[in-house]
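You will see subunit A twice below: alongside subunit B first, and alongside subunit C after that.
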Partner chain A sequence: MNHITASFSDPVHSAQQSFRTLLTAIAEPGTIHGLDQGMQFAPLGASLTAATLTLCDNTTSVYLSHALNQESVRANLVFHCGCTLVAEPYLADFALLTLAEFTNMREFKIGDEAQPQLNCTFFVQVDTFGQGTHLHLQGPGIQTTRQLAIAKLTDAQVAMLQVNHQQFPLGYDTFFFSKTQVCALARSTQVDKEAVCTSQ
Partner chain B sequence: MTDQAYNYAYLDEQTKRMLRRSILKAVAIPGFQIPFASREMPMPYGWGTGGMQVTCAVIGKQDTLKVIDQGADDTTNAVSIRKFFQTLAQAKTTEVTSEASIIQTRHRIPESPLQAGQILVYQVPIPEPLRFIEPRETETRLMHALQEYGVMHVKLYEDIARYGHIATAYAYPVKVNAHYIMDPSPIPKFDNPKMHQSPALQLFGAGREKRIYAIPPYTQVSSLDFEDHPFEVQSWDEPCAICGAQDSFLDEVVLDDRGTRQFICSDTDYCRQQQEANRD
Partner chain C sequence: MNTEDRQAWLSTLAHSQPQQLAQYWQQLNLTTEYEVLRQPESGLAQVRGRMGGSGNAFNIGDATMTRAVIRLPSGEMGVGYVLGRDHDHCLRIALLDALLQTQHHDNIQQAVIKPLASARQTNLAQARARTQATKVDFFTLVRGESE
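Showing the complex of A and B:
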């Protein structure tokens, strides 16, 4: 029990504020929003911790990647969220990963054409935004195009996100978390490394 | 009394998390109906329990809420729901479209253009646009999976064959993000063009039918039509009898039992704005 640390100081309103941040992030993919409720379950950052507390409970299964699968995280998630921790990727509703471990989406459940909502949602912890390759985003929630840079995002990961978009309406939605910021890419978001001409 | 008896925004936190997960999925798959575990609300199904649950999951202390019913802020449904959130979420409320951060609506989209950052919550009675053609949920789900939407055009064509024009005037089906066909709730087709590339986030809640769906901001929303019968909205021969607006959706008001009638704005806030502008 030594690992248990404090949860939201104001559970109702902290969860509501965090949710609205996540909602804006997924409704406007590629926009970066501050998310910090002043607590964290290290090594999860403040933003990733807030998102997990906001959405996970005893009806959701959570997968922890190797780097995040530490006693401090396990104990706090089970105590505060009551969620089931699963070792098998295909059972997870939410997968918590570090960016380096974000390599194989297809291990996780994707739903089917009649029920594309039954996919796993990725929570990926990153170092920072604004550095690295500039991605050009298009799709719902983006008026024309939007640029996003995630530090240390590899070409292989960009290719994985492109394949993810191509199978719409199937696919995965990914929230990226730096320590105190969040940004999302929905499955409906088209990701390109070069600027794409939008004139028709 | 009530602030101690109920959780903030009425629903318990577990229910809100369930709603919030569904809303995030709905936004990620524009136009697709996400099943959710709808709760019983302290009013009957059909009075906006779906929209109310969505608002309960979304609303916070920083929000300003506007509630409209057929465009009006002062009708029974709107007044009741507004009071509900005043009491149970200590919500600031407004009747001015531009001042609201959340607008819960039954059967209209406000005339004043919506802005980025606003959330429009629709109350939806029948979320399935194919329901009157195919009553089985198992089949309609498959039809969406296969994008088997030809029958929807057949229905509109039958209108043309019978009446010479598309007679569907409300709940006019739309295609969202060039993929799913969606019921825009029973808004008049006059409002359909406002959904296209709207800067506001649009959330739809159907309580009895247990479905949530969404349109993110700046999303393509096209009303179904034919090349030789393009989509058209209603128009009126006379302006609003109160404010003189010629660009708003008008309600017909019967004045006596001798056939006298008047047309007035359905959007009470827009009508007030026009009257104030006329006065200046």
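Showing the complex of A and C:
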């Protein structure tokens, strides 16, 4: 019981602001937005906490990866969001993972051709943006091209994002959260390593 | 503290009149710090009923209610659920629920819960008596069609 921390101080406006930020992030893939409502359920960062409080409720089920599956997170999510915590990946509507655990998307539900929106959405906690391999993004919401760098994103994870794009309209949408920032990659976003696209 | 006791005092508090509870709270003269974990928020709860108390359950309608959760510095969490939209009343209930789990329990039981519970019993008894006075027993002496 003592793991529970206070939620948004101004529930309505904080949730609306967070929702607007998340909507903009997924509408313009690869852009980085500040998201910090001044509270967090450690080990979740402030931005990931705000997103979870905004999007998860009693109609969604949430999967917590091994590193994030701690009593402080579980107690707060159940108390403040009222969401169902699931242990099986294929039941989850939202999956909260650390970047190192973002290795196998296919364990999670992807929806079907008739209802491609019934996929699981990933919330991946990362260290920081702007470092590491530069990704080259194209697709809806991007005028020409856009660059994004996520620290410690591995080649295998880039390949996984590329496979994800190829199965469009099926696929997964992914939000990346640093401590106070958020950035999203939609399933419609084509991801290349910079070396590939500069070679023309 | 066991669950039944807590349910009993929460029920008493939830049925209390806001002015009366505020008055008892003032008389207690307790001041304590607390952290609001869930700000008072008003919403709807679906009320269900059974015809005659024994039929199939059906939905009567929605009732406005308010809930809040607070925590004392010592760690006890107090919850308040009450019909209506009185946020102060709801917070006061949550605070009393938390304090009832501390060493103030006996004091609050004596000064707040007992008088509230007996007032409620009196009100219920009066209402029952009022209703009982207008009760009509329908019975038939002779039905006539047997001739």
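A few notes on this one:
Throughout what follows, the second predicted complex is superposed on the first by the 194 of 200 C-alpha atoms of A that agree within 3 Å, B and C clash if a C-alpha of one lies under 4 Å from a C-alpha of the other, contacts with A are read in each partner's own complex, and residues count from 1 in each chain.
Throughout what follows, a residue touches a chain if its C-beta (ideal position, glycine included) is under 8 Å from a C-beta of that chain, and two chains touch if they have at least 3 such contacts.
Keep in mind it's a predicted model, so treat the numbers as computed, not measured.
On the shared subunit subunit A, the superposed partners subunit B and subunit C are arranged side by side without overlap.
Shared-chain residue A:26: touches subunit B; no touch with subunit C. By the touch criterion defined above, A:186 lies against subunit B but remains apart from subunit C after alignment on the C-alpha atoms of chain A.
Of the two partners subunit B and subunit C, more residues of subunit A are touched by B. Once the two complexes are overlaid on the shared chain, A:54 sits against subunit B while remaining clear of subunit C.
Shared-chain residue A:7: touches subunit C; no touch with subunit B. By the document's definition of touching, neither partner reaches A:42: not subunit B, not subunit C.
This overlay, made by fitting chain A, leaves subunit B and subunit C with a least C-alpha separation of 8 Å.
On subunit A, the surface touched by subunit B in one complex and the surface touched by subunit C in the other have residues 11 in common. For subunit A in complex with subunit B, the residues that touch the partner chain are 11-13, 15-17, 19-20, 22-23, 26-28, 54-57, 59-60, 112-117, 121, 139-143, 168-169, 173, 186-188. Interface residues of subunit A, counted against subunit C in their complex, comprise 1-2, 4-7, 11, 79-80.
Subunit B meets subunit A in the complex at residues 7-9, 13-14, 16-18, 20-30, 32, 34-35, 57-62, 141-142, 144-146, 177, 179-180, 197, 199, 201, 215-220.
Across the complex, subunit C meets subunit A through its residues 35-39, 41, 69, 71, 75, 77.
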